[in-house]
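Handing you a structure now.
We just call them A, B, C and D in the order they show up, numbering each chain from 1.
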Amino acid sequence: MKPLQIADKTFTSRLFTGTGKFRDIATMQAAVEASGSELVTVALTRVATQGDVDERLTALEASEINLLPNTSGVRDAKEAIFAAQLAREALGTNWIKLEIHPDPKYLLPDPVETLKATEALVKEGFVVMPYIQADPVLCKRLEAVGAQCVMPLGAPIGSNKGLRTQDFLEIIIEQSNVPVIVDAGIGAPSHASWAMELGADAVLVNTAIAVSPDPVTMAKAFEMAVQCGRMAYESGLASTHPHASASSPFTSFLTE
Amino acid sequence: MKPLQIADKTFTSRLFTGTGKFRDIATMQAAVEASGSELVTVALTRVATQGDVDERLTALEASEINLLPNTSGVRDAKEAIFAAQLAREALGTNWIKLEIHPDPKYLLPDPVETLKATEALVKEGFVVMPYIQADPVLCKRLEAVGAQCVMPLGAPIGSNKGLRTQDFLEIIIEQSNVPVIVDAGIGAPSHASWAMELGADAVLVNTAIAVSPDPVTMAKAFEMAVQCGRMAYESGLASTHPHASASSPFTSFLTE
Amino acid sequence: MKPLQIADKTFTSRLFTGTGKFRDIATMQAAVEASGSELVTVALTRVATQGDVDERLTALEASEINLLPNTSGVRDAKEAIFAAQLAREALGTNWIKLEIHPDPKYLLPDPVETLKATEALVKEGFVVMPYIQADPVLCKRLEAVGAQCVMPLGAPIGSNKGLRTQDFLEIIIEQSNVPVIVDAGIGAPSHASWAMELGADAVLVNTAIAVSPDPVTMAKAFEMAVQCGRMAYESGLASTHPHASASSPFTSFLTE
Amino acid sequence: MKPLQIADKTFTSRLFTGTGKFRDIATMQAAVEASGSELVTVALTRVATQGDVDERLTALEASEINLLPNTSGVRDAKEAIFAAQLAREALGTNWIKLEIHPDPKYLLPDPVETLKATEALVKEGFVVMPYIQADPVLCKRLEAVGAQCVMPLGAPIGSNKGLRTQDFLEIIIEQSNVPVIVDAGIGAPSHASWAMELGADAVLVNTAIAVSPDPVTMAKAFEMAVQCGRMAYESGLASTHPHASASSPFTSFLTE
């Protein structure tokens, strides 16, 4: 498989994961390792509110894994910019996963504030990875102001419904000049393969791994799913056919 | 992963494949090997009409792979029984994949003739693997007359549409006391994972591998897809949620 | 709209309905009337077990509506044939809706017993309307033994999921020489329109009307849905497009 | 059915339609009349570029139908505002359907420019009806700046794929305090019913009517579809069930 380039980093793994919702830190650490992920989100609020780097971070920092602070919890561009600055200071990284969701129920992203914050943060030297609706026009605008990738959702966050936005993801993938990373909605390995088969550059999976009864096995399963989906994409998949055709040669030899 | 038992054989791999539609024998042999499959279908007509075991078979017989003759091309129970007997003689195996499809356009299976032929072949000592519609009642009847597994279709053969019959596959899997192997419709690794996540015991994939521009890579991709789907099933998958929930802890710390 | 012919009867309405699950007889009577249906199923067990024609029947017999006894509750061909004979005697009709479902949980139909009973009942002069899986091969066999129509299911009975079997319904409709009536799974007017748009000849809806808080309005809604779906089918529907096109003329006049 | 209120107007019909793509003006006029629609879009470019009210408008103005100029063809807020002003002058209406789509291939809407233009036009006294992605957060922001309704798309414009955005439409409908009108993607009457069953306040259908071989019948079919979908919504629809239940009483009377 081809490696993935975002900004100045090259990734062998196309599975990004997160640190939230695990039952304990040892499980989180083992699952992240099993996933093979080289980029792992961490809610910056864990850093900022505790005034110190917590155990979670210590556990990951020992490894080669890149931390990706996210702005989860902010409600507009101003809060997001402040949060990104805090994260840069606390974690020493200029990468930021931008999540701006004013509605606490569905946590859906705000397109207008996300564009505004992306533009400002890029100017401050951040590598911005914005979480957004599967909105092809917004993706092009984010690209235009310097987003290093786009992170459209597959389905409402936490719904595990897969790629309900497939029609729009296909357009985004067709038009994008930056990597497309499907975020939210991926609840099973088959969803991750599906995203990769469509041509997504990577997927981000957190909940489905963290809340599994066996997060380590599930992390490994997602790693394989991302790989096989990508292999299929690079090899070339068959299209769907409205009419059937036989997979075995049809013959009437026995009746002649 | 747990091994799969069918009749007297134990399979480590839960991916079954076929020998049809490859561009040449070397590619077929390499793809089958890459798939890790331990059970590979071969159209008995290739054997019967040529009076001798052809190159294709020679290529596979050298390996540890089990050949599974299929009756593709027959139109009723009588023809199927005759075809199975020919296959047993030619290939020295009492395993038979039963495919009875009177309609040459869609190659959909005949439920009545399939039940009749299964009953007769079981009495003659065959291990019968019947290809059928995703019909839960038919599955129970096939089981009752001694079918060693059931092979419901996911979508019209060759359509690559995935698991259009999901609602019925779920009922079949819930009710079956013999292995359930999803056959037909699987056009991408994500479809194979999906079947395994539902609890299918195995999948059969031929066309999607054989017609790929790179069948060896695709075979490997399907092997991984089956494995990760099974791992997810055994680990326990999250259910889908009508309402979203956050994958990162929500906080309002910045605005207080 | 073209009228629908089944056996010797001509129907103006393409919505068939039932008498079960209503909260009282007056509501049932009003809803059936509002539906415009000319063919209404009644569980023959209501007749047979009570030794007399009950109120329900009296209510309907006064009208022009044709009663269609069903064999719901029987488990094999033998029971079905007996049930049909009882129904003919009790209700004075040789029309029978054949439902054979050995499994009390999902009430899915048995293809083998249904074919056997259809053949026998046709020989005894019945107009047989068999409820079946959306199995194209079975449909052709039922037609061959004299079924006057086929009644494939859209989704598991009572699931209200719509046309989960669409791929197979399309093949059935393409191949059938007798009317195709979609039965089971239709939970909303949009599902009924959808079936008609695919080219189904009629739909049978019972639960979705009977259990509605307002069965009379819902019956009327289904009547309209069937009509508009049929009108669209007869007028010719647009196909789906993978790529978008504008519905308004695109112009750059303002920017020139 | 309850009437629909938008700004100062009350609508009996919940089907809005358009004037584009018809083969001739007489057909357009007849179809619009058959649809029962009381609000009909017209591309303002037809007005503006011809310097005079064309035949199309004359045909409609004689009737009671309200014309709704759209800004189709504009690429940003500035162009849209200018277009709306032109339309107000030419047609004497302060209603405007706001469509801003910078990409000529898919004609998908720009969320940022749409919000900006809405805010400006509301201040100028326009009744603004914005065409947007099915983006729940954007809908709330449009409502906050004074949009009189929101018009989320069901699928890419002209694709006829139905409500691919259902998950997000449900959230929009749940949260909105202004009417929700589904626009784009509706290719069949069943799609229109489906939107209404979800609780949409109205639908806009143009292409599917205009390009039908029989636009007048199709217009009537859509009118009925919208009505029956709304009736079902107001009456209360059954939910979908993962497990089946019988629609006829199950009995074992015959076998006892």
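Criterion: a contact is a pair of C-beta atoms (placed from the backbone, for glycine too) under 8 Å apart; a residue touches a chain by one contact, two chains touch by 3 or more.
Since we're looking at a predicted model, the values are computed, not measured.
Undergrad: Among the chains, which has its CA centre at the largest distance from chain B's?
TA: Chain centre farthest from chain B's centre: D.
Undergrad: Using the touch rule from the top, work out which pair, A-B or B-C, shares more C-beta pairs.
TA: A-B
Undergrad: Just how far, in Å, is the C-alpha centre of chain C from the one of chain A?
TA: Here chain A and chain C have centroids separated by 46 Å.
Undergrad: In whole angstrom, what separates the CA-based centres of chain B and chain C?
TA: Spacing between the chain centres: roughly 33 Å.
Undergrad: In chain D, which residues are in touch with two or more of the other chains?
TA: In chain D, the residues touching two or more other chains are 106, 108, 156, 159, 161.
Undergrad: Considering the complex alone, what residue numbers of chain D touch chain A?
TA: 101-103, 106, 108-112, 115, 133, 135-138, 140-141, 155-156, 159, 161, 164-168, 171, 175
Undergrad: Which of the residues in chain B end up touching chain A in this complex?
TA: 18, 20-21, 41, 43, 45-46, 48-49, 70, 72-75, 79, 82-83, 99, 104-108, 156-161, 184, 187-191, 193-194, 197, 206-208, 210-214, 217-218, 220-225, 227-229, 231-232, 234-255
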